[in-house]
Each structure stands twice: as structure tokens, then as C-alpha cells.
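In the two complexes that follow, chain A is the common piece, with chain B as its partner first and chain C second.
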Partner chain A sequence: MNDQLLLTPDQRDALQEVTNIAMGQAGAQLAQILEVFVQLSVPRINITESSSIATSILQLVGTPQSVTAVRQAFSGTLRGEAMVVYDQNGCRDLADLMGYEDDIDRDSERELLLDVGNVLVGACLNGIAELLGAKLSFSAPTIMAEDVEVGRLINPQQLTWNYALLVEVHFTLEVRDFTCHLMTLMPEESIVALKSALDAFMENL
Partner chain B sequence: MPTPILVVDDSVMARKMLIKALPAGWDVEITQAGNGVEALAAYRAGKAEVMFLDLTMPELDGYGVLETLQAEGLNSFVIVVSADIQPLARERVKQLGALAFVKKPVDPAQIEAILREYGIAL
Partner chain C sequence: MTESPADFIVSEINAGIFMLDRQYRVLLWNRFMAQHSDLDAETVIGRNLFELFPDLPQKWLVKKIDSVFVLKNFAFTSWEQRPYLFRFRHNRPITGGIDYMRQNFTFMPMRNAQGEVEAVVVTLLDATDSAIYQTMMQAAMRKLEESSNRDGLTGVFNRRYIDTRIFDEIQRIGRYQAAPFSVVLLDLDHFKRINDTYGHLAGDEVLREVARRVLPGLREPDVFGRYGGEEFILILPQTDLEGARSAAERIRFAIGAEAIVCGEQHIQVTASLGVASFLPPFSSAAEVTQAADEALYQSKHNGRNRVSVYPAQQSQTG
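Up next, the complex of A and B:
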């Protein structure tokens, strides 16, 4: 791995804290939509080569299982992809929480996953960008995979960059087992830009 | 005599931000803790007349610290400092004995106002 891309302990700590602040905003919005208390995780940060991205995602999500994922591209000071990964039961539970009866059709379920994904990605990434003085814009969310095994979520051959920064947060609802994971993938030049932004942020403390 | 204060957060940067936001000229002796277990140890060693406590932490989280302090008879001014801005989080920590809730990133004016409100000598 190219050493220039590695985060120093200070940069990692700063990114973790900035992410923590941003996810507090994302969690509060999720709580408002679902009208339940949302438990926040300590964010996990990982830089990975694209060839091992599937393994890294599997480690973050935990047990191998089938998942559905929503993706959204972002560009601006940083560019990359944000993904929200829902486990199998998560989709069903989300529908329940939103007051749908058993008869939710596939389209309504997709719409729900896209909406929740959009809220989480927007709040989380805008929160990070705002703290670091960066500007981001987002593409519309799309479903990237439905009911696929988590290790097969991303085909490394389809990635156009060699390294990725995974920033992972997950939200757990107290009333039930619903968990979803938010991750971002960024190419090399954005990792370098992010490192500079973190350094500048720490210098201004 | 300086007031012993304890700053609890798993992030070194967050602790730095908090310490920088403390009122200038407040005579304090600062101890830092990286998780709830370290926080309780410092508290028991008398290092926490005022405690600034994060909620989301590994080992033992902020709620766990508050529960333990409550069970042992709370004898510390605890100000929770958290990114979790859900109204319910605020309510819960108050019920667990925290004096006040400050959201991250911290605002120095808010911290000073809280300390003055509770008559902590600055």
C-alpha cells in the first residue's frame, strides 16, 4: 500500500470524531422519521486496496448474509460513493416501522430504502463536509443490489480506483433488531484531499 | 486550589476541542479518560469534581458511567458532551443524574453559561 494514503493516528482520530458528530445528525433525522430511539455506533475507519474491498465490507457488516444496498455518488471537494447496506430483516422491519402492513409491494419497499438511505447519506456526509469546510453534491440514490450475499456486493474489477477509504457507521433501533450500515468509498486523490482537510481542521483547533 | 475536572472521550481530538472550550482563567487540574472504565477509576481517585462526559465510547459508554455513579450516589457535576442530538438522549442523561447536555462541536459560551448557572467557581 502507498504510505501517503495511510492515515496518521491523529488523522484517523479526527476523522472518527468528525464522523461521530455527523452521524449524530443523521441518527437524529432517522429517529424523527421512524419515531424511535436510534443507537449510534463508534465509527470505524479502514483504508483498503480495491482488490480486498469485498473482504473489508464483510468484516464491517459481520456475518455473511444477504443484503440490499442503496448507493449514491458524491462529488465536489471529495468524490466517491456512499452506500447504505440493509440486512435481510432490515427491509421488512423498516416497512413495519413506517406503518406498512404485510402487503407492502416491492416498489414501495424500494422507495422506502432509497428515502432512508438518502437521509442518512445526506446528513452524514454533509455533516463531515461542513466541519471540514468541504462542499459536496449528491446524485440521486439508486438500488445497487438486492438480496445479494454481502461478500459479492462489490465487484472489485468494476472499481476504477486502487484504494478506498471505508468509513462505517451503523444505526441500531432499540425497539427491534433493525441495523443498517453506511459506508463511503473514495479514490486515492480524495483520500489525499481528505487528509489535508483533516490536518487543516486539527491545526485550527 | 484548582478544581479537579475530568474530560472523558474516546477521541483525543474531541478532548482537545473540549479543553480549548473551557473558560479562560478557570483554575483547573485536568485529567483525561478515553473510556468509561478509565473515567470511573479517575472519578474514584477524586479527579472529577466536574466531569465532561461523552456518550458513545468503547468499553463502557457514557450511559454506563452515569448508571454506575447513580448507583454509588452521584457526587460529581456531570456535563454530557455528545454528538447524539436526539431529544430522548438528552432526557435520559438528565434522568441518570447529568446536570446538563452540550452538543458537539462544543460552544465555549454554552459551557461557561452552564458552569455559572450551577455556581461553579470560575
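Up next, the complex of A and C:
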């Protein structure tokens, strides 16, 4: 791997610190929106090679299972895509918390996946961006896969990058049967931008 | 006083732009919104959006707008899941074939100097044309899929399709705790003898006629297909073992009731059937079809032209 892409130990610590703080804020903001307490795991940070992305995702999700996923692109100082990976129950359990009043049909179920995904991605990435003084904008989320084996979410043959930074956070709701993973992927050129943003962050400490 | 280019663009662009404060009061309403809503900016500015448009899904939209204020985040809606928020006319009134303008929305946080979100800017893009193209494309795709799901000889579903439907049924049970489905496997008795005695063309006609005799007796959700050779399969959603057994009996009767006329020949055909329900401990399509196959073997073993169920019970004789 190109050394330029490696995070120095300091940069790595800073990134861990930034993501930890951001997730704390995200949890509080999500609680404000959903009116329930959301538990976020400590973010796991990895640099992954495109050829092993499927294995990395499988390891982060933990068990081979059928999943549904939403993807959303972000751009600005940092560029990349965030994926929200839901288990088989999707997020129907969150329907009332997101303002759905009636029984939900297939289309509302999809909209709910997108709504929840958008909120989780926004809460986490805006927090990170704000701490790093980065500007982000988001495009509309889309459904990436429905009921697909987790190892097949991404087809490595279609990827145009070699290395990417992968940040994973795991969400659970105490009072509901809900769990999902947020995976943020940033390709090479964004890693370089992130490294300088982290350096600037450390200088300002 | 001349307008700034930015004001001109916001006003004249062929897309809806409006702005709301924390109390959902309208702060800005561009020409597109005015034209399509028949409410001009002077009328709506300062008024609550939900009072102006009582049809809006308030609870859901409030959540969405609040999330933009709280998370300082973008939010979106797409016509594909929610066709429209405002009942606006569209620009294909004659050729469109859909009721209201299809709409994509983006909700953007507008921050003040302190970084706090003071207002939400909402843009509305008219997606009616995409919606119409997509509807046309889906219709074409359905036709294409339909033709590749069918068995070329009999016109009933083919094995590939049946396999995906069993998989779907299993998923549905997992997801919605739907009632279990049952599977009926059907094998024509002594089919090789029919082929040998009357020829393959007659054999083909027998297969087609069997399909024709089975189909009228099925319910709308039932899925009937050819599983290979002289074997057919029937999936009965939300049907228990007993219900599936009586359906299988009716099919057995329908097939054997009269000889099949094939040119000058009258060919008497009977079938053996095996029935199984998808119940614990089954977890895969293979297990339930295997069970139906075992029951089918029992029918063959006990003298053919009969229905057996899995797990083995007393067999029904025809």
C-alpha cells in the first residue's frame, strides 16, 4: 500500500477520538428525533483493500445473514459513500417513531429504510465533519440491496478504487427490536484529505 | 432596483423552492410554487405550511423537517416511494396517465453565522417524466419476465420461477409470520409408457392437457408449474396440510376424470401426488420439496393414482 494512505498512530488516535465524540453527539440528537435512547458502538476504523471489502463487511456484521442496505453519497471536503445495513427485520419497528401513522405497505417500508438511513448517516457524518471543519453535502439515499446475503452486498469487480477507509458504527435501540450497521467508505483521495484535516484538528487542540 | 442574479434564479427556475422557519411558517415561496399551488407568495408568506395545505402528511413531514433542524442534515423524499406531497397538476395532462405531478424533494439546513439552523430550504423537482418512463419500462420488464418464467411446452410456470417463489414464500413467513404454505408434487403415472405407445407428440399433448385441467381449480395466489419431465409442482400459500391434501385430491380427480383425446387416441392418464407443508423444523426450499417428494414416492409405492402427505399418514385411495 502507498504509505501516503496509512494513518500515522497520532492521526489514527485523533480519528478515533473525533468519531467517538461525534457518535456521542449523534446518539443525543437521534434520541431527540426518535424520542428513544439509541446505543452506538465505539466506531471501528480500518483501511480496506477493494478485493477484500466483502470479507471486511461480513466481519463487521458478524454473521452471514440476509440483509437489506441503503447507500448514500456525500461530497465536499470528504467524498465517499455511507451504507446502512439492516438485518432481516429492516426497520419496521421504527415506523411510529419516524411519524408513520398507518400500517405500512411495501413502498412506505422502503421509504422508512431510506428515512432512517438518512438520519443515521447525517447524524454521524455531520458530527465528524463539524469537528474536522469539513463541509459535507449529501445526495438522496437509494436502496442498495434487499434481502441479499451480506457477503454479496458489494461486487469487488465493479469497484474503481483500490483502498478505502472504512468506519463502522453499530446501532441498537434498547426498547425496540432494531439493530443496524453504518459503514462509511472513503476512497484514496479522501483519505489524503482526511489526513490533513486530522493534522489540523490536532494542531488546534 | 434590479434583482440580484441569485434572486432571479430562485424566483424563475423551473423547480419549486420554498423556505420554512422552526414553526413551519413559510419564509419564501418561488414562482413555480405559486403557479402550481394557485397561492401567490404574498398569500402564503408568514403562514403555517400545514394550515395552507391540510392534505400534507403532517406527522411524518414534521419529523422530517425537525430532523433537518436538529441534525443540521439534508433530508429527501422520492416519488418512487411517495409519489407527491402537493397535489399539483403536471405538464402531461393528455398523455401522462397519472394523477398528480410526481415530486422529489430535498430539505436543506440553512445555517446562520453561529452555525445554527435558522430555516429549512426545500426544493421540489418535477419527476413526472421519469415516473412515466419508469412505468412504461416496468410494464415492458414485466412482459419480458413473464415470458422467461414460463415453461415453453405447457405455458405454466417453469422450475426457475417456482424455485424463486418458494424462496419468496419462505422469506415472507420469516418476515411477516405469514401462515405456512404447502407444496404439492405431481407425477404422471406410467408416462414413459404413454410416450412409447402413442409417441412423443401425444406425450406432449398429454402434458399440455394436464396443465389445462389443473389450472381452473386453483385459487388466485396458487402457483402451478412444470418441475421437469412429467412432474408438476403446486405452491399453495397460506394453506395447511389438510387444505393442501384436499386440493391435491381435486387435482387428481380432474386429471383422471376423462380420457385425454389426442387425435384418434383416447389416453387414460392418472397422477400420483405428494403433499408437504412448510413447518418447523423445515428452513429451506430443498427440505420442503424433498418432503413432498417422499410423500409422492409413497403414492407411487402404494399403487399410484393417489395422494400422500408428509409426514406419512393413512393414504387416500382413489
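Heads up, the rule we're going with is that the second predicted complex is superposed on the first by the 188 of 205 C-alpha atoms of A that agree within 3 Å, B and C clash if a C-alpha of one lies under 4 Å from a C-alpha of the other, contacts with A are read in each partner's own complex, and residues count from 1 in each chain.
One rule holds in what follows: a residue touches a chain if its C-beta (ideal position, glycine included) is under 8 Å from a C-beta of that chain, and two chains touch if they have at least 3 such contacts.
The model shown is predicted, which means the values in this text are computed figures rather than measured ones.
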{"item": "Partner chain(s) touched by A:L131 [first = chain B, second = chain C, both, neither]", "value": "first"}
{"item": "Touched partner set for A:G27, first chain B, second chain C, both or neither", "value": "first"}
{"item": "Contacts of A:D13 with chain B and chain C, given as first, second, both or neither", "value": "first"}
{"item": "First, second, both or neither for A:V42, with chain B first and chain C second", "value": "first"}
{"item": "First, second, both or neither for A:Y100, with chain B first and chain C second", "value": "second"}
{"item": "Which superposed partner A:L205 touches (first chain B, second chain C, both, neither)", "value": "first"}
{"item": "First, second, both or neither for A:V119, with chain B first and chain C second", "value": "second"}
{"item": "Touch list for chain B against partner chain A, complex", "value": "10-14, 16-17, 20, 56-58, 82-86, 88-89, 103-105"}
{"item": "Residues on chain C engaged by chain A in the complex (per definition of touch)", "value": "57, 59-64, 66-67, 70-78, 80-82, 104, 106, 115, 171, 174-175"}
{"item": "Parts of chain A lying in touch with chain C, wherever the complex brings them together", "value": "29, 32-33, 66, 88-89, 98-101, 107-108, 110-111, 114-115, 118-119, 122-123, 126, 130, 137-138, 140-141, 147"}
{"item": "Contact set on chain A toward chain B in their complex", "value": "10, 13-14, 16-17, 20-25, 27-28, 31, 37-38, 40-42, 131, 202, 205"}
